[in-house]
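These are the structures, in structure tokens.
Shared chain: chain A. Partners: chain B in the first complex, chain C in the second.
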Partner chain A sequence: MHIPDGYLSPETCVVFGAVMIPVWTVASRAVRKTLSVRQVPFLAVGAAFSFVIMMFNVPIPGGSTGHAVGGVLVAILLGPWAACIAVTVALVIQALLFGDGGITSIGANCFNMAFVLPFVGYYVYRLISSGSPVGSNRRIIAAGAGAYVGICIAALCAGIEFGVQPLLFHTANGQALYCPYGLNIAVPAMTGEHLLIFGWVEALVTALVLQFLQKQESLLVEGGIS
Partner chain B sequence: MYKPSHRKSDFIERSILSALAFLKDATLSEEYANRRGFLQSLDPRIKTISFLAFLVTSISLKSAVLISALYGLCLILVIFSAIPVGYFLMRTLLFIPLFSLCIVLPTLFSAVTPGEPLWTFHLFGINAIITRQGLGGAVLFVVRIATSVSLVVLLSLTTRHSELLKVLRFLGVPQIFVLTVSMCYRYLYLFATMVENIFTAIKSRVGVVSQQQQGRQIVAWNIANTWNRTTQMSEEVYMAMLSRGYTGEPRLLSEFHAMPRDWAWLFCALIACAGLLYRGHTL
Partner chain C sequence: MTLTRKLWIGIGALIALSPLGLILPDHFKAGSAWGEWGTDEIQKMTGYVPQGFQQLSELWKAPMPDYAFQGWEGKDIIQLSLAYVVSAVVGIAIIAIFSLLIGKGLAKKHV
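Right after this comes the complex of A and B.
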């Protein structure tokens, strides 16, 4: 889901950068208000955790492997605002140091994966698990559902961002200047693979990790910074 | 020495390879950043600003020829910065641009991109038409992506990662964010090594996990265990910070010194960008 440089027009990049600036500002304030000085390294190490989740390959049906993004898992464990910063940090390092995801498209990538993904997933989790005890099965189902819905909505956003490019940015004779596929192709392509494959990987990993944490370290499940 | 087989289904080997690829990329980048070369000798702030200007120019231009000129400049800089051209091309062209080329191929045809027919042929009994608009859009798309990826990778290869992260502070990014990014980057090595050790240990004990369900549980348990270690480690990191005099206000050391040649390079880079944008505007 990492959008590289060149897929989106400069105007789109500027818009998403502008959208993310208030989000990052509010996230910084929310985290500063709730995070003690003691927890500052926790945020940095949490960001490193959200980076390495992608190194864990999971067996998927069909004999291949895939990896989870972990945005909703981090949101459940750290709270959505702290997850927003942690995932942003991971995305900045990936883009700047490893060329994974674009620098100019960092605003759009952060919008999809550091804002939409953790917030949608976290509130779906909260909605389903509302009132349930920490060790309940409902929380595990809620985590899986949150992860699935979160990543699919984030993929839908990426599909729309791709799909509007040929509509808005083309030459006079109709030649596409950036991503050449319109909404009718980009949206089904992005959402289809996440609805059918990657969403289930994300849901399964998130639910299983929460199940293990419930059994072994239930205090960590309650440690979110809301 | 560890020799991976290339079975796609073996999640243990794939995880080990992911961790090793990260460590290899990071180590190689530091090695190239420490070489004596043109870009390595520039002030990291000036170099980053000039590369951001190149990047913005590459995504703003609407002519594949002009973007190719920028790509040519990028390759010249690769040569003058003592980076092996073969390694650079493999690193930059084999993944994102090749993937982009594959996904853009259908847009060559009139079924996806209607327009002026350029070439008509029969494929599996179907009359296939490549359009001028489809070909032009596909070439522009792939050239732009290859150039953008090359510029970012070249910046990353010729700048020490710790310096590149410190440059964020000079670009106006809040201090607490830069501190978090810098701390996070340091722990990535530790975590990547941890992932490699975990899966090497699993492999040495169980070999290949044939049942998918069991494999997924192993992965989930290890992610949970990594999170557990994360929380313990953050406590130790905080104690280490306190012992070094941390009072809650982060301070970053600024060691950059811009020389006249750095400013001369920035001037030339900005002139080149302005020239390309002007030429693109008048085409």
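Right after this comes the complex of A and C.
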């Protein structure tokens, strides 16, 4: 889901950069209010986790690959705004150092994976887990469901961003200037592979790690790490 | 052992296992992720290279492209796995430093 340079028009990149600047500003303010000094090391672990889990490319035999993002897990443990910052740090380093995701598309990639994914996932988790005791199975299921929905909606966003390119940006004779595939191909491809495979990977990783943490540190998970 | 230390050990285990993310796609002959093709692949799939794509796609030369070293495109899977682990260590070191700095800059001083 790391959109490289060249797939989105400069105009699209400016729009997503412009959307993300206030998101990052609000995230900084929210984290300033809620993150305690003791939680700072967990922010670093969260960013590191998101980075390394994205390196586990899962193959569709003979087809494409995809991976989990880990953003919903970080959102459940530290809150969605902290997750936004943690995943942003991971995405920026991936783009700059490893060329994974473009420089021009950092805004769009952060919108999808550092904003939409953790927030959608977090609120689905809250909705399903509300009222359930800490350590209950419902919380684990809620976490898996949140992770699944979060990454699928993020993939839908990426599919739309890819798919509008040939509609909006083409030469006089109709040849695409950037992403060559329209909504009719990009949206089913991006959402389909996440609904069928990578969404389950994100769900499994999130649920398993949360269950492990609940067993190890039962105090940990009431409203996240505190 | 503190919880933070336990979690970092977990991250270390993931770093050690990370080459699976390279070896499994290679084994199952899976190609690029959707929408992450290079110029040659786009040419092959669509019969042309979009003009704007051509201008923008080479904009940034990453120091460790695709989690390997520069010029390592043709190396075998064992060497690439090693580079993958080195990339994970380097990436996580930098990410940890930046997140700690950002976190310390933002976190409330009490508690």
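Quick notes on this structure:
One rule holds in what follows: the second predicted complex is superposed on the first by the 201 of 226 C-alpha atoms of A that agree within 3 Å, B and C clash if a C-alpha of one lies under 4 Å from a C-alpha of the other, contacts with A are read in each partner's own complex, and residues count from 1 in each chain.
As a working rule, a contact is a pair of C-beta atoms (placed from the backbone, for glycine too) under 8 Å apart; a residue touches a chain by one contact, two chains touch by 3 or more.
Predicted model only: the values in this text are computed from it and were never measured.
After overlaying the two complexes on the shared chain, residue contacts for A:L204 are found with chain B alone; chain C is out of touch.
In the superposition on chain A, contact of A:L77 is made with chain B only, not with chain C. After overlaying the two complexes on the shared chain, residue contacts for A:N173 are found with chain B alone; chain C is out of touch.
In the superposition on chain A, A:L97 makes contact with both chain B and chain C.
With both structures placed on the common chain, the touch criterion links A:S132 to neither chain B nor chain C. When the shared chain is aligned, chain C comes close enough to touch A:I3, but chain B does not.
Applying the stated touch rule to the two superposed structures, the overlap between the chain B and chain C interfaces on chain A comprises residues 4-7, 9-10, 28, 32, 37-49, 51-53, 55-61, 63-65, 67, 85, 89-90, 93, 95-99, 102-104, 171, 175-181, 216-217, 220. Contact residues of chain C toward chain A in the complex are 3-4, 6-8, 11, 14-15, 17-18, 20-22, 24-25, 27-36, 42, 45-46, 48, 50-67, 84, 87-88, 90-92, 94-96, 98-100, 102-104, 106-111. Residue ranges of chain B in contact with chain A, taken from their complex: 8-11, 14-15, 18-19, 22, 25-26, 29, 52, 55-56, 58-60, 62, 92, 96, 100, 104, 107, 112-116, 132-133, 136-138, 140-141, 144-145, 147-149, 152-153, 156, 161, 164-165, 168, 174, 176-177, 179-181, 183-185, 187-188, 190-192, 194-195, 209, 212, 215-217, 219-228, 230-231, 233-235, 237-238, 241, 248, 250. Note for the complex: chain A touches chain B at residues 4-10, 13, 24, 28, 32, 37-49, 51-61, 63-65, 67, 70, 73, 77, 85, 89-90, 92-93, 95-99, 102-104, 171, 173-181, 185, 204-205, 208-209, 211-213, 216-217, 220, 223.
Chain A makes touch with chain C in their complex at residues 1-7, 9-10, 28, 31-33, 35-49, 51-53, 55-67, 85-86, 89-90, 93-100, 102-104, 158, 162, 169, 171, 175-181, 186, 189-190, 193, 216-217, 220.
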